[in-house]
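See the structures that follow.
Heads up, the next two complexes both have chain A, just with different partners, chain B and then chain C.
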Partner chain A sequence: MEHHPTLIQIPNFLGALGVPGAWVPEHVAMAWVVMAILVGVSYLATRRLDAVPGPMQNFMEVVVEMFVDLLTQMIGPKGKRYLPLIGTAGLFILVGNLLGTVPGFKPPTANLNTTAALAITVFLSYNYFGIREQGIAAYLRHFCGPILWLAPIMFPIEFIGHLARPISLSIRLFGNIFGEESVIAILLSLIWLGIPYVIYLGIMMPLSLFTSFVQSFIFVMLSMVYIAGAVQSEHEEHH
Partner chain B sequence: MSRTQGARVLLLVTVLLALGSQVAFAAEEAKPDSSTFFVVSVLTGGFAMAIASGAAAIGQSRAIVSALEAIGRQPAAAPRIQVAMIIGLALIESLAIYVLLVALIIFFANPFIKYVVPGA
Partner chain C sequence: MKDNQARLWRQLAGLSSLGITFAASIAIGAAIGIALDRWLGTSPWLTILFFIFGVAAGFTNLLKDLKRWGS
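On to the complex of A and B.
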C-alpha cells in the first residue's frame, strides 16, 4: 500500500538538534491539529460568557454537563475534581478518532504512541489520585486484598492486574481505530466499478463513526472506574 | 443436527484436515525454507483472527442476550443496563483486537523475517 501524506505536514523544526526525518511525524502533526480544533472551539465558546448562553456556549455546556454527570455517577460527589483529566482525554480521543473521516487527515489515535501516552497518563494519574486521597500506606493496603496474611500472594497478582490496565487501554483504542482505518484503506484501494465506494459510504463510514464514539466512551468510562477504585476508601460504598 | 451426526461431521473434518496437511507438508519439503515460513505465518495469522472473531462473537452474543432479557424484565432500568452492556461488549471486543494486533505483526512487522530472507 502506498503511503499517502496527510494534508497538513509540518517540517521538522528540531532537525538541528539531531531529530531525524524531514517532517514532524504524522501522528504528532495530527495530534496538534486535534489540539488546535479543541482550543479553537473552546475559545469560541467562552469568548463572552452569558447567563443566557449563545449556541456555541450552550453546546459546550451540554458536553461538560455530560462529563460531570458521568463522573458523579461513577465516582460520587467528589468526582468533579477529575473533570479536567477525564474531559480532556475524552474530547481529545473523540475528535482524534473522528478526524479520520475527514479526507486528507489521519486519526492520531491510530498510532500506538498516542494511545499509549493517553493510557500511561491515566495510569499514573489514578495512582496519584489514590495516593493523594488516602495516603500511601492505605493505598498500598488496597493491593494486599481483604485478608492480610494472603498479601504475599495477592500483591503480585494485583500488581500485574494493574499493569494490564494501561496496556489494555492503549491497545484497545489503537487496535480499533487502526483496524478501522486499515479496512477502509484496503477497501478504497479496490477498483471495482465504484462498488467499494458504495460499501464505504453505506457501511464503513457509519461503522467508523460509531466505533469512534464508542471507543472514546469506553476509554473515559474505564478511566473513571479506575479512578473510582483508587479513590474510594474501604468504609465507603463500593460501586 | 443430532449428537451422533455432529460427532461424525467432526470426525470427517479431522480426517480431512490430517490428510490435507500431509499433502501440504509433502509439497513444502520440496520447496526452500522461506516459502514454508511465509505459508505457515499467513495461515497462522488468518486462522488466529478467524478463531478470535468467532469466540468474541459468541461471548458478545451472550452479553447482549442477558442484557436484552434484563431490559425486558425491567424496562425502567434500560439506560443503565445499556451502558453496562456497551462497556462489556467493548471489553470482550478488545480481546479480539489483541489477536488482530498479533496478526498484523505477523503479516507486516514480522521480527523473524530477517532470519528467513537475507537482507530483509
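On to the complex of A and C.
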C-alpha cells in the first residue's frame, strides 16, 4: 500500500543513542500527539477548579464519572483505586482511535507496538494488584485450582490462560484499528475510479467512530474484569 | 432499560473476546512447547504436552467467560 505521510514529522533526536531511522516512527509521534491532547485538555479542565464547573471542567467531570461508575460496577467499592490506570488507558486509546478519523493523522493504536505496550502494562498491573491485595502465596494458589493433586496440571493451564489475555487485548485493538485504517486508505486511493466520496463520509466515518468507541470500551472493560478477577478471591466473586 | 442496555454492551464486549482468547491460548501453549523442546532437546514430547495444555487453557477460558457473560 502506498504510504501517506502524516502532518506531524519529528526528526529522530535520539540518533546519538543508537535509535535507528531519520524520523521518529509514525505511531510514536502520533502517540505523543495524543499525549499532548490529553495533557492540554486536562490542563484546561483543571486550571480553575470551581464548585460551579465551567464547560471544560463539566465535560471532564462527566467523563471521569463514567469511568468511576464502570469501575464500581465491575470491581466493587474498591474499584476507584484503579481509576488512574484504567482512565489513562481508556482515554489514550479513545483519543488515539479517534485521531484516525482526522485527515493527516494516524491512530497510534494501528500499530501492534503501541497496543502491546498498553496490554503488557495492564497485564503486569493486574498481577501486581492481585499480589498486593492477597499476598503472593494466596495469589499463586489461584493458579493451582481447587484440587491439590491436580495442581501440576492446572498450573500450566492457568498460566497459559493468563498469558493469552495480553495477546488477545493487543491483537484485537490493533487488528480492528489497523483494518479500519487500511480500508479507509484503500477507499481514498480509489476515488479516481469514480467511487464517490459519499461512501467515505457516509459509511466509513460513522463506522470508524463506532469502532473507536467500542474498541476502547472493550479494552477498558476487559482490563477491569482482569483486575477484578485478580483482587477478589474466588468465593467473593459475585456475578 | 438503561441498566439492561449497559448490561448488553458489557456482554457484547465480553463475548466478542471469546474467539481470539481461545486461539491465543492454543498458540501460546504450542509456542511454549516448541521453545522448551528446542531448549531441552526432547522433541516432540513437550510440544505435544503443552499443545494439549494450551487447548485445555482455551476451553477453560471459554467456559469461564461464558459463565461470566452468558445469560
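We take it that the second predicted complex is superposed on the first by the 229 of 239 C-alpha atoms of A that agree within 3 Å, B and C clash if a C-alpha of one lies under 4 Å from a C-alpha of the other, contacts with A are read in each partner's own complex, and residues count from 1 in each chain.
Methods note: a contact is a pair of C-beta atoms (placed from the backbone, for glycine too) under 8 Å apart; a residue touches a chain by one contact, two chains touch by 3 or more.
These numbers come from a predicted model, not from an experiment.
**Q** Looking at the superposed three-chain arrangement on chain A, would you call chain B and chain C a clash or a fit?
**A** clash
**Q** With both complexes overlaid on chain A, does A:36 touch chain B (first), chain C (second), both or neither?
**A** neither
**Q** Going by the contact rule set out at the top, does A:205 touch chain B (first), chain C (second), both, or neither?
**A** Neither partner.
**Q** Examine A:221 and indicate which partner it touches, taking first as chain B and second as chain C; both and neither are also allowed.
**A** Both partners, chain B and chain C.
**Q** Considering only the touch criterion stated at the top, classify A:188 as touching first (chain B), second (chain C), both, or neither.
**A** neither
**Q** Identify the partner contact of A:179: answer first if only chain B is touched, second if only chain C is, both if each is, neither if none is.
**A** first
**Q** Per the contact definition in the header, classify A:138: touching chain B only (first), chain C only (second), both, or neither.
**A** In the superposition, A:138 touches no partner, neither chain B nor chain C.
**Q** So, A:156: does it touch chain B (first), chain C (second), both, or neither?
**A** Second partner only.
**Q** Touching A:165 in the superposition: chain B (first), chain C (second), both, neither?
**A** In the superposition, A:165 touches chain C alone.
**Q** For the overlaid complexes, name the partner, chain B or chain C, with more touching residues on chain A.
**A** C
**Q** Could you give the residue numbers on chain A that contact chain B in one complex and chain C in the other?
**A** Chain A residues touching both partners: 168, 171-172, 214, 217-218, 221-222.
**Q** State the interface residues of chain B toward chain A in the complex, per the touch definition above.
**A** Residue list for chain B touching chain A: 83, 86-87, 90-91, 93-94, 97-98, 100-101, 104.
**Q** Going by the contact rule set out above, which residues of chain A touch chain B in the complex?
**A** 168, 171-172, 174-176, 179, 182, 214-215, 217-218, 221-222
**Q** Report the residues of chain A in contact with chain C in the complex, numbered from low to high.
**A** Per the touch definition, chain A meets chain C at residues 153, 156-161, 163-165, 167-168, 171-172, 214, 217-218, 221-222, 225, 239.
**Q** List the residues on chain C that touch chain A in their complex, please.
**A** By the definition above, chain C touches chain A via 9-10, 13-14, 16-17, 20-21, 24-25, 27-29, 32, 50, 53-54, 56-58, 60-61, 67-68.
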